[in-house]
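In what follows, a single structure is set out as structure tokens and then discussed.
Should a chain be cited, it is by its letter among A, B and C, assigned in written order, with residues numbered from 1 in that chain.
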Amino acid sequence: MLISVVRGIGQVDFMASPWTGLVFIVALAAGNWRYAVYGVLGSAVATLTAYAFGAARDRVEMGLEGFSGTLIGVAFVLYFGMSWMTTLLVVVGCVAGSVVTSALVTLLKPFNLPTFTAPFCIVTSVMLLAAPSFERVRQGKIGPALPSAATGRTALTWSDIWQGMFNGIGQVFFQNKWYVGLIFLVGLVVGSWIAAVAAVVSSLIGMAVAWVLGAPAADIAAGLYGYNAVLVGMALAGIFVVLSPAGGVYAVVGAIAATGLTAALTTFFTPFGGHTLTWPFVLVAWAFLAAVPAFAWLRRAG
Amino acid sequence: MLISVVRGIGQVDFMASPWTGLVFIVALAAGNWRYAVYGVLGSAVATLTAYAFGAARDRVEMGLEGFSGTLIGVAFVLYFGMSWMTTLLVVVGCVAGSVVTSALVTLLKPFNLPTFTAPFCIVTSVMLLAAPSFERVRQGKIGPALPSAATGRTALTWSDIWQGMFNGIGQVFFQNKWYVGLIFLVGLVVGSWIAAVAAVVSSLIGMAVAWVLGAPAADIAAGLYGYNAVLVGMALAGIFVVLSPAGGVYAVVGAIAATGLTAALTTFFTPFGGHTLTWPFVLVAWAFLAAVPAFAWLRRAG
Amino acid sequence: MLISVVRGIGQVDFMASPWTGLVFIVALAAGNWRYAVYGVLGSAVATLTAYAFGAARDRVEMGLEGFSGTLIGVAFVLYFGMSWMTTLLVVVGCVAGSVVTSALVTLLKPFNLPTFTAPFCIVTSVMLLAAPSFERVRQGKIGPALPSAATGRTALTWSDIWQGMFNGIGQVFFQNKWYVGLIFLVGLVVGSWIAAVAAVVSSLIGMAVAWVLGAPAADIAAGLYGYNAVLVGMALAGIFVVLSPAGGVYAVVGAIAATGLTAALTTFFTPFGGHTLTWPFVLVAWAFLAAVPAFAWLRRAG
């Protein structure tokens, strides 16, 4: 069970290896020890809830019931600050997230699609939208929306590029320090060389697309245009689609689409004090996997 | 056919008994005679449309084609005032609602989910969003959004609690007087003791959650955090999920989730002059029913 | 392949005839030569992408992979102005639109529903939402939202009526000159007399509904309340539902619903600098087709 909880942290990036999970915990702690504590708490509550309600044993063991909880824990401590109320919200949120996961498994079964991080996105969006109505929740700190509305220079410096590449990997877990992203990358290498390469390339694709279209350099360097591309790139390059030349092109198109959708959803969520989370990844990955059967040169994996 | 129309009013709370429907008409009239007239009108138009288009006979007879029309009638007279235009809108809205009901029956069949009040929510949200574009509709009175944006004291008085409990039951039909909620509760007792108990308990759960999180006492006392919990609680406690200890826990979690989602959707609909309606109930009930097959200790009923 | 590209332009209005496609190109050119160029470009890129990825041959040949690309091309040059950046966006947008088309084909298959113009709506809404984040895209001209927020007189003149009828047909392609709508109508006659009649009647229904509810005459005359009714009317009158007396009534109800939803979605998209596009058509047509099996007197065609 403890191993399942650790796997639940690695599964955020599709890695079932507990070693990857351990490195990811180190990465979170390098960002701030609170992230590590709440991330593990979230994975544990989600995994235990699924186990207690009698969810499929193999899903529990592989950490597939825990990864949304991991992100719920990290996001809640980021947005609401560390407190007993936040701890309570994480527990309730992970129980609800467990139900949402099972609901999505049922709803997506006819289309053979995984839930991805949709349960995390749903629970966290709901909580962020609900927060202004509740005095005891509002007292927590609400972090800035991602990407920031910052404008400014659009030319990239060398340090923007290399730091942004690492940040695109770290922002999957809301982390914006380059060395945290680097530790996550080490975790990926431990789990799968192909996924690590896909993450680096996709992060760079996301940055390149945003740069061509004229996004502010500060947002690009913070990894805000990279993290959804990173997740889509990993998902389409070998994990859910068989790796091939056509599959590689498909993954690149997916990473580009994820970057555009990141900007679009940021605008969409703005009137709601919005937080883009990993919605762009979820929607692009669903669309691109659902489209696979229509294309003769692509094959689903796994 | 007349009995089907009356059943269509009770089916808002899942009760097929025509006696429940009659008591509910009395309750609406106790709020304002206009609600009773338009509620019956809506149920009649929706039931007749379904009958005329040749919808499944048993669904028509059980009132399952009428209950969304009931709520459309009540909501339209509440938001647009009593007029010939409103009457016309109710008729057209119920015809459209009948099509939406049939569409949802088809779309939800692979997942074995009922439509709940989704057709009402869709038609009413569309009409509320459309109203500002139309001069003859705008002239009607647009009621205040639910829950109100009121802030203020968060401590609950004794009368807040007992009135709020009844109001949570009455707000399912947009009613905010405690004695109207009491009459609805009588109607529930006539239909099903279990549903009545579930309604009372769920209304209190919704209030408790909102109180813990620090919602304004005025909103809690008006039943604004209770009505979605009431519907979810009834749906999950015996009506769509077999009653059992695990099922009871599940219903409690559902009522908690519905309360959080009520606050979230209120924020979401705000930029659109929003009205939360029973969207939180519909979404939570769909998710919790879809998740049932994944949990070994729960069974679908009916 | 060239014929498939031309068919892709006619398929916006469900016409497989290449002659219809040719007349439509003339109509676009009568509006502005840029619309014709980008419309053909969009259809070509989308068709070629589908062909290259190995989509179903019959769909490619009938132009069913091209029509969303047509609208993407026309919409992008309208909203972002003619430039190399817009051309690049059209190419990338059509590639993404091709993936979205295939994804929707998979997702809608259990319900036997066509994609309609949903891929165009999704890609264009995403790009319009993303534009404010990107300096090089923002520099293009963003056209006014449809329908306009214009208020003013609600009484219709004779020229409002006959011009509005043609404009309702032309607005399917964003065209607001009556003679452009007339040329589109000629193209429809070439393809199908029934569709042409349905288009004229539906455009008038949309205008009548908006007039009864008190919409500004300027919006009605511009065809802004007609174009979704036109598409729904054509789709339900003979093309996707067998033509019959009941089917005719059903198409009329659909055209009315599309007009109401047009106003509603215009309000919904306003906080996002919104553009209603053909979303109302897509949603109403999906609902009305999904509901057909529930109604004994209606039959699906094709």
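Note that contacts are C-beta pairs under 8 Å (C-beta built on N, C-alpha and C of every residue); 3 or more make two chains touch, one makes a residue touch a chain.
Every value quoted in this text rests on a predicted model; they were computed, and no experiment measured them.
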Chain copies touching (chain A, chain C) - same or different residues, decided at half shared: different
Turn needed to bring chain B onto chain C - CA fit, degrees, nearest 5: 120
Approximate Å spacing (C-alpha centroids) for the pair chain A, chain C: 35
Sites on chain A at which at least two other chains make contact: 110, 271
Complex contacts: residues of chain B adjacent to chain A: 110-111, 147, 151, 154, 210, 212-216, 219, 246, 253, 256-257, 260-261, 263-268, 271, 286-291, 293-298
Contact set on chain C toward chain A in their complex: 53-56, 85, 92, 95-96, 99-107, 110, 125-130, 132-138, 271-272
